[in-house]
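Okay, so subunit A shows up in both of these, paired with subunit B first and subunit C after.
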Partner chain A sequence: MGISETYTRGRDLVTSRPSVLIVAGIVALLALDLVRQIATPGGLSTTQLVGYLWDGLVVGLSIGLAGVGLSMTYSILNFANFGHGDYVTSGAFAGWAVTWVIAGAGQFDLTTLLFIGSVSTRDLGVSAFATPLAIVVGLLVAAAATIVLSLVIDRLVYRPMRDEGGISLLIASIGVALALRYTIYIVFGQRTRGLTDAQSVPDIAIAGGFGVGGHEVALVVIAAALMLSVHFLLQTTKLGKAMRAMADNEDLARVTGIPTERVVRFTWIIGGGLAGAGGFLIALERGAMNFQFGWVLLLLIFAAVILGGIGSIYGAMFGGITIGIAQSISLVWLPSEFSTVAAFAVMIFVLLFKPDGLFSGVTTA
Partner chain B sequence: MSSPTESVDPTEDAAGDDAAAGDDGREIPGWTPYREWFRDRWSEGGATAWATALGHLLVGGVLFALVAGFDLGTLPIGGSLVWFVYLSVTVAALYVATAPPAEPYVAWLEDRWMESDVDKLLIVLGHVVVVFFVFAVALGLPFNGLMGALSSVLFFTAVYAMMVLALNLHWGYAGVFNIGIAGFMAVGVYAMAILSSPTEAGAASVPGLGLPLPIGILGGVLAAAIVGLVAALPALRLRADYFAIVTVAFSEIIRLTLNSRTLQEFTIAGVTTGTGGATGITMPGNPVRLLFYDGFGAGAEPALLGSVLFPLFRGLRIELIPPGSSWLGVVPLPAFTLDLAVQPSVISNWAYVVVLSAFVALFYVLLVRTGNSPFGRVLKAIREDEVVAKSLGKDTNRFKIVAFMFGCGLMGLGGILWQGSQGFTNPGAFRPIITFYIWVALIIGGAGSNTGSVLGGALFAGALWEGPVYVRRVVTNYVDFGSTPSTFPGAVAPFVEGEVLPFLAFLLDNVSALRFILVGVILVALMQRRPEGLLGHRKEEAAAISLTRPGGGGGGGSTTADGDAVADGGREADGDGGAR
Partner chain C sequence: MRSEADRREASNRAGSGPTREASEDEQRESSTHPTAETPVVADGGTATAGATRSADAALPEESLLRVRDLDAGYGDLQILTDVDLDVGDGEYVTIVGPNGAGKSTVMKSVFGLTSYMGGTIEFAETPIHGLQPDEIIHEGIGYVPQNDNIFESLSVRENLEMGAYILDEVPEDQIEWVYDRFPILRERSDQRAGTMSGGQRQMLAMGRALMLDPDLLLLDEPSAGLAPDLVQEMFDRIDRINEEGTAVLMVEQNAKQALRRCDRGYVLVNGENAYVDEGDALLNDEQVRKDFLGG
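So, the complex of A and B:
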């Protein structure tokens, strides 16, 4: 009886959704190949694999961190904010300007520092270990500046259009993105600038010749802490409850007496703050940034958020990590130029089978 | 203001006097009757008023030139600062003074604007031409330069119009939110290049398959349509905004793949070809060039049209007043030559613009026909309410896929005519930002309207894309900014101390970034104030019969837009050019 039930279910699966089997097959093949490559002497070493996974986790967490904010605004305001990547960039520039000023005051010209101008990063010596205060203040300023920015933009752009459809808001957000990005371009210039002094960041050695960078650890720890706090905020506070209610059904939320405008404001505060902090941390981990790094990252952030299912905080985190790991683990099979291609391909594949994302149905939880 | 310095520029004084007219009724001998006469003719409006104004402008200009000791040979195009100032001041004065005679113009404009879509298109194109005419005069460009500038603006107008028309099929008709346009363009262009490039590669690029160009173009269009199918299959099950992200991810996958070193050159079944990687790929020669030259190479000799037109236009100078002539043998007249010479490259550019215009017309007709066909009506029904369309027994998925493929094929063709005509392209030309430009153009014109699409393309190319660059050229031509600061703080520091020029110089230097900000702000403003675009609520009805009153314009309008556009543009250019 048990066997025949399993058989029926299996047959149903094969007949109704053969594509699921195909994908399962591909995934199994890749896994087998991975094992084979590790087993082959002179092939992929375990250290390398762990290295890929760690890189994927770091990139994934940074994407996820920026993605949580996007996911929140997406589910509560009902539009895909194409300006989010440039919020990330704005936060990073604001934060790093302050970090540089604190780290280099008295030593270098203030104006040059404030505009993150040409100063030798070696001489300035900024890192989470050499100048922790500057980094912490920079992180806070990055979050604060992005909160202010997102509130101002909401007041100017999105609030007058609150009743419009998602696509109208999306298009307006493309305009916001362009205007923001090129304002940064005009103010800070187009060059990619080094930010940190790589020499002063210790590599933390872990067994088997595998080491992780100090800034990577900083990013992972802070990102995890921020995501946890967002989780508790949404789950345990009244505000969180209101937000979830609004994400589910805005009209019903308003009828229940939830001050929707205030919830929207807090959404921007949390989403903007996370975007700014995320931008600052991503720049810290990379040690460099330019005026469009947020925009370039945005497509990956979107991929992560959609992969996870819009509106789900866990989805954003999980999607980010999936995208990050897909990107780095693809290096086992593909040249590095295809890592982003692999990430997008994974997203499209997942959407083929789960059109609403992995965590679909779970909104803002 | 009403000082009797009537000699130099009567129109200016008329304007000034107009303002001061209410103060007192002082009789000034000679001046007051003249003013009365002028007012009478003025208030008649229409042609009389314009003729009076033009006459004054002309007399004023000649007097001005004589007083300034000017060589009239620099007229009419071949300006300098003084001429530009004179023109601006008199035009401004004319504008202030001609409130009544300008009324017919404004009324005419409003009239035509309301009349039909084609008129709107003609008005916009005409004004683009006029504005660039003014730019050319202000820059002191010779006739050749004006023609060059115009051909470049019209080139962008045409290519954007084509892309926006194709996008309109997706968004305006089928309601499919496609932000992967750049990717579909890239597929078309690269497929065409690989199919049609010669098998023997030069030093510059990878070898192709050496097939004839029409097959290459057809292959490119088909490839774009097939990639559209591949993109549409997963996307149909998705929400509109998920679909959008999938399309943009698709376009990035395509661009990154074309950019990769791995596929730069590869061999399949003994045939070596490739994408050229990040360095780019050489395009097959533009066949329009064969109308003028006997080959594609740099050293090709003029042939066919080229051998006739090039010599004709190279020496096209009309001597209106030969040197050494005089009026009645007493007053010496300055030499004056109308210089209409045009370089060969500009002529072949114009020829290509004409070809592109024909393609725009083709796209337009094709989309209007599609929109009015049963197929198009189903698309519109899907856009309005997919469930309803489904319940009427329409296989909405099939309709959407076909529409998407059709649009993608057109995007591929548009890409070939745009990027494929430049002799060379690389993956950098297909960044997602191109997609957003096309979207901006669509939104300016108004989604759902084919005429609006062309209009949006023209406005985007003329006003937002090429316009700011010319404004910078004109301003830097006349204002000496000194040294331009290279950084923002370097520009702001003097600004705080009260020096505006370095800051302005810095902004002008960054005009290419400023225009992005402008595009962004306009996009937001449009979405807030006029989300339906310039042409208003233009969603064509899904109904088979026109729901407008009989005799009212209704649908698409006629298809002779392009021929007329040039004619009308020319007429307006003449009229306004003469007025200055």
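So, the complex of A and C:
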């Protein structure tokens, strides 16, 4: 490429899209400042930075896990499901109720346990290390309960509206979200409850005084495994290929003899299962939850999914991690109150460059 | 777009349209002076029904696909009126006609993609009208839509696998069979289908529809959007598939080419049968040439 051509291209870029230049400038400045802060004695330590990245990864994977389901239902059913955040909450409550019952049976009142009531988490002593069986069963129940829930809701609400436009379905899903959230509110109450016994969770020490929480490791490992499974399901199984085919071209899928309603059901099974499992794991990592944590998370889930390109599950995974890391790395410069703002700023900046998201056009593939 | 008067005239001519029995001279005679010999019939349907009946001699002895008095459309909008159509075992049949005549609608109706409003469609003596596409595919009919006829984000091979979705196992021998007929697909086996050229896409779409080894292949404008040299190649491939025993029902914009190659042709006007005859006979018919083939 000639110099003049480069010059012309550069000039075109400056005149046509000045925002791109401004963003590039900001990114360069931040990168330089990061190097300066690390180089300054008494400034940001490498351990701190790695800590931020790790936190970002943990948050990002949990957002991504929930986002995969949202993106899948979007690409196959053609609507943005605002109920997805409350699917996450529902799964978490179902799973944790079972985990508590298993961990505390015989010691505590069964009804109190079932409603995740007032029990000292210290006395109950639930953690992935102290009570692994209760955690594993809880995780499975969380996934299973959310699968059943999403299938029932699909049958009752979405299926009769299947041929309506995306907006009608979207509004219906807001109704579903409210119904779920306040059902949980009525059954379990409003308070934020502790779930795990932080004392029984060992920190796993890694080099340089940097350690990671046991539950964080559990979340990262399980989330990564689940995402890999989804990848193999979509790429290698007949059903997964049919899902991609239907996301790609629903009319042709029908003409080809793909049973579209069955594919829709499996989409809910996978999307719902991931939402429930994700909710359980997020609560495990945080050690606490309330009736609206999924709803609060939904905004970030949407940000991740849109950043990655809505409809693409790899976009959801990648978008989740990007949002998570943006949120935590912003702590280098900003007070923690602004971390969500930073995450959304990153999303907006990415959309300036790629308006359809990073993985746009790679629908579910 | 032809005017209403033109259409009515065409329908009327259809009453004395070409048949296999009629001698060439008689055909010329009747179609050169249509209005003189045929009184204007107010109800176009009567005239077209007559056309189809008088062409019985051109019909196959046993029909694989038998359409009678078909009324169909989209939603409440009726497009087809009393359409009759037959495709014999292993026969190659083309539907031609002006834009908006309902050519594609006939094909979609056979495959259960329109609103069925009356009449009968039988395939291998089984009634299939009112069935859904995923049921019809089990009967042995393959359909290649005109547009968006491949899964762009899937690989070439995955597209073929989807074509055989209703089977329990991926039929490797059938994939090989398709690859042998369209060698480019074997070369591009792992490529994303969306990255292929128009001609290759069309081959893939046909390959996908052939994965269940259908008795009847429905092709909706297979030459649309192809470069002229590719059009020839595409028609050659369709010939070969037909010669191997698969009956073909094709809608074509490229009417001359299609009529030259097919066993029998239907001219559809305004959602009704206008002419039916052997492809060559239609091609040589002055009136058909003048009205539909551009002279």
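Going forward, the second predicted complex is superposed on the first by the 347 of 365 C-alpha atoms of A that agree within 3 Å, B and C clash if a C-alpha of one lies under 4 Å from a C-alpha of the other, contacts with A are read in each partner's own complex, and residues count from 1 in each chain.
Keep in mind that, in the parts below, a residue touches a chain if its C-beta (ideal position, glycine included) is under 8 Å from a C-beta of that chain, and two chains touch if they have at least 3 such contacts.
In this text, all values refer to a predicted model and were calculated from it rather than measured experimentally.
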Combined model on subunit A where subunit B meets subunit C, clash or fit: fit
Partner chain in contact with A:Lys241 - subunit B first, subunit C second, else both or neither: second
First, second, both or neither for A:Thr340, with subunit B first and subunit C second: first
Which superposed partner A:Pro259 touches (first subunit B, second subunit C, both, neither): second
Touching partner for A:His84 - first (subunit B), second (subunit C), both, neither: neither
Partner chain in contact with A:Asp251 - subunit B first, subunit C second, else both or neither: second
Subunit C, subunit A and subunit B - angle at the middle CA centre, rounded to the nearest 10 degrees: 90
First, second, both or neither for A:Val176, with subunit B first and subunit C second: first
Greater subunit A contact set [subunit C / subunit B]: B
Three-chain overlay, closest Cα atoms of subunit B and subunit C, distance in Å: 20
Complex contact set, residues of subunit B against subunit A: 177, 234, 237-242, 244-246, 248-250, 252-253, 256-257, 259-262, 432, 436, 439, 443, 487-489, 493, 507, 510, 513-514, 516-517, 519-524, 527-528, 531
Touching residues (chain side subunit A, partner subunit B) in the complex: 79-80, 111-112, 114-115, 117, 157, 160-161, 164, 166-172, 174-183, 185-189, 299, 302-303, 306, 335, 337-338, 340-341, 344-345, 347-348, 351-352, 355-356
For the subunit A and subunit C complex, residues of the former touching the latter: 238, 241-242, 244-245, 247-249, 251-259, 362-365
Residues of subunit C that touch subunit A when the two form their complex: 111, 113, 133-134, 137-138, 143, 145, 148-154, 158, 161-163, 165-166, 170, 208, 212
